[in-house]
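What follows is a pair of complexes built around chain A, which joins chain B in one and chain C in the other.
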Partner chain A sequence: MDMKVIREDDDLTHVKLSGRVDLEGIGGLDLEFTRHAVTRRKPTLVDISDVDYIASIGLRMLVTAAKALNKFGSRLVLLNPHPDVEDVLRTAGFDKVMPIEHDYERALETLKTAA
Partner chain B sequence: MENQISDDPVAVTDNVPATILVVDDDPDLELLVTQKFRRQIRNDEFHFICVRSGEDALEKLRENEIDVLVTDIKLPGMDGLSLVSRLKTEYPLIRSVIISSYGDMRTIRRALNLGAFDFLTKPIDFDDLGITITKTIEEALVLKRAVHDRERLAAIRRELDIARRIQLSMIPGIFPAFPERGEFEIFGEIITARDVGGDFYDFCMIDDDRLYFAIGDASGKGVPAALFMAVTRTMVKADAVKGLPPDRCLSEANKILCMENEFSMFITVFTGVLDTRTGEIVYCNGGHKLPFIIRGGSGPEPVENTPGIALGVIEGDSLYGLGNVKLEPGDGIILYSDGVTETMNKAGNLFTDKRLRDLLSGQSLEGPRDTVGRVLRDVEEFSRDVPLKDDITLLAIRYNKP
Partner chain C sequence: MSSDLSIRIKNRFGELSHLKDALHKYCEFRELPSNIVFAITLSLDEVITNVISYGYDDHDEHHINVTLRSGKGVIEVSVEDDGKPFNPLEFKTPDLKCPIDERPVGGLGIYLVKTYMNELEYERVGGKNRLTMRKII
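Our next item is the complex of A and B:
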């Protein structure tokens, strides 16, 4: 797994994950992810278009961040998942905690709505 | 689903000073070693305990974790050779250095035969003292570390063994499960991964006509996953046998799992009730992979999803809903965990839902045991030479007749 910070300002945290989000892939990056996504407490957009596999530990990392952000009144929105990954997310019902969007502008709109 | 095994560093030997017990009735040796190793003593790398007799040495051995013993052969009372031979039986991890007078090869050889690691001769050469003791300490620490690693490995194995036992104790494993009933057949199997995931399947009769069944997969691995699974399985089943509909069973369990879940664990569960008089199934999906319905003539189709989310993620009153599907005589339902479809082969490819679907197409007539067996064989063949990363669980039911 790789993580790239695209934008961090007063309105938004925008990060991009890529590769395999499983135990081996995450390595120590979950702490890094949490540091960017959660501790800033800003609406967070997570681009997962280049994630090709997500295991339960990866789901846990995302859900934990989303729930923490919700507590601060912010949201976490997932952008552009691969169909297989989207299937995993929707089957588990996680789109109820982290909305899934396929369009950047729409994702920004969703981020503005209340959690 | 996966997670790391607890990884607490138990007494990492690098950070603990090596403890050296020095035994000599003559105070000179104590002066020599404290002089020679003053830097290591100051830096807390070496810790010396000095005593004047064999008896005192035994007392210190009992009270402290000693790594190296340096002893003069000639001592008042118990001598150095007896001390060295006691080490061999009572403290096999301690390495020892004996000190004898120059040229006393007979005594030196006896000491080495008794298990001493090295020797020094009097008058003691300052450099020789340093080299010999340092070398012996290194040897003792390597040994200590090896034992520590082995104990830790054994602890991990024990933990996984506990997890596996928890898991197996949760699963009905006797088949045929209901030999007296001709209306349906059921068969389930779990292949546990080395690290033990948190899979389960479960079933029982609620009353004369209704069969309760469930499959689940807890996030994480090892004992935490096994316990989370065990608690969930028991809560869901307790409500199911009371006759609560599947969505209520999951909703109630979810409420409790969300209460104290600081580690954000979650578990996917699909549960249903088959009415053996009609073939009708009422079910609820809590975020699990959708089971396939296998009908004669047409390919396997996943059941329709219901409102639902993996248990333990969020609380809410109307998160779960019901679904219905009717089995005609000869139809079957097969439930599985993502360990099946996410099994990886040597090239790093996943087994996939599609491969499972293809495998199940046009197989309506065989019994549940054959269906499960065929899937497991195909998964095994697919993942040859690759260790299982996740549990693989399958539960199949065939409805025979009203």
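Our next item is the complex of A and C:
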């Protein structure tokens, strides 16, 4: 897994994950992800369009961040998942706790609504 | 049903990549559709991660045997380990509808396996767990 920070300002944290979000893929990057996504306490957009595989350890990383952000009144929104990855997210009921969007502008709108 | 692929791995996370490489070569050879490959990869990933994470009280080296067999319209995947008895079929499904605050962060792996595979069978044989998963293709 790779992580790229796209934008960090007063309104938003926007990061892009790519590759395999499984045990080997994550390595120590979950701490890096948490540092950017959670520590800033801002609405967080996670672009996962280049994630081709996700296992439960990746789901754990995402739900941990979403829960922490929720405590600060911020949302975590997932952007553009690959169909196989989206199927895992929906199977795990993640669409109920973190919105999944396929359009950047719409994702930004969703992030503005209260957690 | 013929035994097509048999792999023995150690109870170390670094072994997962060897297993997935072998699995993908097998799936490629069999020309399996990508959604089937995804389901089998995910299920094996979750089961093996579980065995390595929670199956042993010691730090000794153990072996986990993985076998793939193909039959008419079905792929059968067996995982055999000498860890503590664990029957995933008795594992309670996590509450997936609860609010985010109450949402558990773990417990999803076995649920995914049960969802992505069509049939699961568990036996404890000769001090070993044997989980057989079947996927209709």
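Keep this in mind: the second predicted complex is superposed on the first by the 115 of 115 C-alpha atoms of A that agree within 3 Å, B and C clash if a C-alpha of one lies under 4 Å from a C-alpha of the other, contacts with A are read in each partner's own complex, and residues count from 1 in each chain.
We adopt the following convention: a contact is a pair of C-beta atoms (placed from the backbone, for glycine too) under 8 Å apart; a residue touches a chain by one contact, two chains touch by 3 or more.
It should be emphasised that the depicted structure is a prediction, and the values quoted were computed from it without experimental measurement.
Chain A is touched at more residues by one of its partners, and among chain B and chain C that partner is C.
After overlaying the two complexes on the shared chain, residue contacts for A:2 are found with neither chain B nor chain C.
Residues common to the contacts of chain A with chain B and with chain C across the two structures: 22-23, 53, 55-57, 59-60, 63-64, 67, 88, 91-93, 96-97. Chain C meets chain A in the complex at residues 13-14, 16-17, 34-35, 38, 41-42, 45-46, 49, 96-97, 99-101, 103, 105-106, 108-109, 111-112, 115-116.
Chain A makes touch with chain B in their complex at residues 22-23, 53, 55-57, 59-60, 63-64, 67, 88, 91-94, 96-97. The residues of chain A lying in touch with chain C in their complex are 22-24, 53, 55-57, 59-60, 63-64, 66-67, 70-71, 84, 88, 91-93, 96-98, 115.
The touching residues of chain B, counted against chain A in their complex, run 1-4, 217, 219-220, 264-266, 268, 286-290, 305, 308-310, 313-314, 319, 338, 342, 350.
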